[in-house]
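Consider the two complexes below, in which chain A is the common component and chain B and chain C are the respective partners.
On to the complex of A and B.
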């Protein structure tokens, strides 16, 4: 009598390996739709805009020119708005990290109900649209707003509202950026094991030395990712600066919209957009480099 | 001089008592092993000495000074952890130098000490490597150097070799013992590996369910385990339930010599495999048992023997002895311990039967 296993061995053919070209074709087919979308809706319009800002029509023939950029950097209002945007972005980033690091550290090392409640509170702004947040802040921070009223009841009458001042933009952008930053930093902190922290404490390090010498160097990538993505979001932000910020100087997003919509100068708005895009592209490269090096490290390990 | 005194140490996590009334002293230069199964509280005890856990009650003294209230970074101890805990962003030399930098020692002194400590663990020339470029064994040697360079009063080791392969574990164990003897440093080593404890320790504290079952020299623990738990946990042991009736000790249907003065009731008889002797011929005081299984372990063989009315027994056989599976061996227990109800065991030592002697 023939053994069952022999029968199986002879009747079940080994599946033929799928050719590598077919695998590659399937992979490319899967990534093609989003890739095409990016090329046609982002890269081509961006390149066209950049090209338009660098060309001039000389008797029907396009020629190279930097005149639009020279005009931008010679215009005190444009330069002031660009500087203001930098200023607000950097101050906001500083405040974000000052607020989010303690929060992330607390969430990394604390357990229990309070930690859970803090996490929910920290993530809450994620579910609030920017425009709603802006109006909520106007009601809270504005003249005769909630804060003003509460301070008046407490006997303090010298309240000066930050509404329509740069402080309000920083306030709103920080509030909006907390959830994402806390998520990224907490995820980074979870990569640093308790044993590594305990071994530092064991050799004599105090809390600050552990943070500065052990934790921070190990979460440099998440910090860079949070920095670059927040920079991109803040530098190009529109709703919060438009609703909470001053009439002048303006952040680039508001400036572009006004140049395009109110002053009807699309060419200038396009130049402002390209300048903003190039600044963000530099920070974007930092992000891409950080992610790539992280991926390489993960592959190596 | 560095001695460690633990007095009335308790540790509770919620309703669970992890460490229960632990009291012992570690002498200057002594190598103490805390041995026990997973979850017995040995690591918790070590972490309390290091300062990572606060005892619920009790006092920890180093050189007669209480350190119970001191945080881990202020205690004169240094620990080598179970997992690889080198800081990955620092080179080997930076890992070792970190503790010295925190003590604000001059740079030249730090460099000298780093070199010496690397030489001590046979890793000279590895200063500029990152932890990821080292093997597991090398990483643990660097961790040992990092602890030793601080010249701690007490060196604490929490299963430092458990994640290494067997050959490397033995090699590092010998290296650790050599270093500890050379530096004459007081050390506490936590392990669940009895072989590790027996080879390394001056004394072993066997822990079970949060308390210390026995604290003695390895030879004493092996020869006279104070409880059934220790008897079962340390080395190979045959534990056979028996009954004393009218001064006769019965193992199943087989009578054996009972210790003097043992009252009637159930007992457990513990026989080491090496205390079972194979006789050439059947004897009245010997058991004729069938060889169920023989395992060749290199320089000796281990056999499992069975007979009706008796549980199976482990026995070690010399290579020269002829024995085959399904064959019969006549076995004589020349030494055993009789345990009853948590009391200290009573030892029975018997001479070989006349014809076999």
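On to the complex of A and C.
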């Protein structure tokens, strides 16, 4: 008996203490509310919607059809709105990273009062509601607005307002997304050790090489997280494109609301919603995989 | 300091006491409103003091239900429940309500029929208000043209829709209206185009099921509005609301807009619109408008007081205040009001107030506009 136990001790790792059934019950009870909420308010309605858009009533019996989707992709207005949404989302994301990378790098490596002030400024949009932002931007970017006035004082008179044009949507959405992106990127950058950067510098790497070869590979995960979450927020955005953007083409959020509330065609609105949902689900999957691979890596290490 | 506070508190208590004593002597009229701030302020600052002075036996208890659940509809629901149980609904007058917006109200005859016998002032109310027997139209609003008189000479101001179209084409970038589903002032520009191509006779549009032959004529309106698309502010940029349009006129970005009479006249009186702003109405067929209807629940505890209030609202004195204070249009004929006031509004006075039927017609109007006027894409391609 003694030998047996000895061999067991040496060959097998000590099993983790199994949680008792009470512990498990408590754990499940704790995650149950959000899980049930997700299931009943998101998953089931989403599945129901998807199923509804794929069925057609043939003499009282439901049948499978793609007709609603075919109609969507044959309607030039719907297609142009979908393409417009993609276009705005990708341009906005590009601008977000162009603005936020320098900001995050600065906040990671700079110290002192100025850096503190910049951080406060970068986080400020977090506390401004979208509607307020939209009206402030109308005042700022509009014809004879603040920017127009400042430029004309400086002698530049060729200003054409972006208000009610696609540019204004990009402007508003970028401003709104700065705090979250900067927070995620700065957090990622904090994990890059100073020692690594210093040793790279010692062997003669310049700033660009340090960024491209050392920093970027290490923060690819936070970049992916910022990309996917921003994508989801922008693709489905409503207030900014509605108040600042053109009447046509429209982003999907505005288009869906319009189809549902104004054109009174709930079926078509549902089809638009499912298409939007599927596109966002693909990006959501990217996010989930990124986070899951991080978990796995942390557990392995 | 402390003593002064105590004294002030004591004085306040005394005053409140005195107030409540006098309030007990007066019979309360429970009034509910869910209208915008300008209207509830108007009640607090003008109607209530004037009414209580003219009728000291009554006290108005105003409750603002704006933004709370269903607003006045919830209170009407309560009144309906009280009607079934025979209780006091604690509601005597609704400042604004659609008396036929819920079938249960109609079936139970929840609202009192008003006529010249119980509300003598109804004799002065104009036909254009188009009221149901339970409705008390007491203020109106109509869409009109607002323009910068410094930039547009009086003789150049369009008097017909055709002239308006011409003016817009001749002055590119100087005119703007909002998307038709985002505010009535822009919708009026679109519905007026539809009236224009359907014979300028709004009476052919009957609420309810849409007439397909009428909807079949809408493309002519899209052509008309499409012909000015490039001449609209910033090559065809349509703001998403009445207020952004007023703002574009106020800051000089454009020199002519369509606007609600009450919103623009009030903005003018407050100095938000510059003094150079002037107003005009089309003479061949005016833009659409509408009236606000009050109503009295038939089981109100203070019907007597509510009827007195209803009649008071239609008094010429109050109708004049509505024009002066909130830029509303009177529910009574303009010529009953002081000549001075009439001459001030002479360019916008009309006894014709066309209405748009809404429902399916609105859905077709909005969708048609988005797909044909606002975009360069041809949905049929």
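We take it that the second predicted complex is superposed on the first by the 282 of 301 C-alpha atoms of A that agree within 3 Å, B and C clash if a C-alpha of one lies under 4 Å from a C-alpha of the other, contacts with A are read in each partner's own complex, and residues count from 1 in each chain.
Rule of thumb we're sticking to: contacts are C-beta pairs under 8 Å (C-beta built on N, C-alpha and C of every residue); 3 or more make two chains touch, one makes a residue touch a chain.
Since the structure is predicted, the reported quantities are computational estimates derived from the model, not experimental observations.
Trainee: Looking at the combined model built on chain A, do chain B and chain C fit side by side or clash?
Mentor: fit
Trainee: Just checking: does A:116 make contact with chain B only, chain C only, both, or neither of them? Give me first, second, both or neither.
Mentor: neither
Trainee: Is A:242 in contact with chain B, with chain C, with both, or with neither (first, second, both, neither)?
Mentor: After superposing on A, A:242 lies in contact with chain C but is clear of chain B.
Trainee: Based on the superposed arrangement, let me know which partner A:198 touches: chain B (first), chain C (second), both, or neither?
Mentor: first
Trainee: I'd like to know which partner A:266 touches here: chain B for first, chain C for second, both or neither.
Mentor: neither
Trainee: Return the chain, chain B or chain C, that is in touch with more residues of chain A.
Mentor: Ranking chain B and chain C by residues of chain A touched puts C first.
Trainee: Just chain B (first), just chain C (second), both, or neither: which does A:45 touch?
Mentor: Neither: A:45 stays clear of chain B and chain C.
Trainee: One more residue to check, A:62. First (chain B), second (chain C), both or neither?
Mentor: A:62: touches no partner chain.
Trainee: If you stack the two complexes on chain A, which partner ends up touching A:164: first (chain B), second (chain C), both, or neither?
Mentor: Second partner only, chain C.
Trainee: Using only CA atoms and the superposition described at the top, report the least gap between chain B and chain C in Å.
Mentor: Nearest C-alpha atoms of the two chains are 50 Å apart.
Trainee: Which chain A residues lie in the overlap of the chain B contact set and the chain C contact set?
Mentor: In chain A, nothing is touched by chain B and also by chain C.
Trainee: Can you list the chain A residues touching chain C in their complex?
Mentor: It comes out as residues 75-77, 80, 138, 142-145, 160-161, 163-165, 242-243, 246-249, 258, 261-264.
Trainee: Tell me, which parts of chain B touch chain A in their complex?
Mentor: For this pair, the touching residues of chain B are 50, 52, 71-74, 77-79, 81-83, 85, 87-89, 98-99, 102-103, 132, 143, 146-147, 150.
Trainee: Write out the stretch or stretches of chain A touching chain B in their complex.
Mentor: So the residues of chain A touching chain B come out as 193, 195-196, 198-206, 209, 213-214, 217-218, 300-301.
Trainee: Provide the residue numbers of chain C that touch chain A in the complex, in ascending order.
Mentor: For this pair, the touching residues of chain C are 179, 181, 233-234, 237-241, 244, 247-248, 251-253, 360, 362-363, 366-367, 370-371, 374-375, 377-379, 381.
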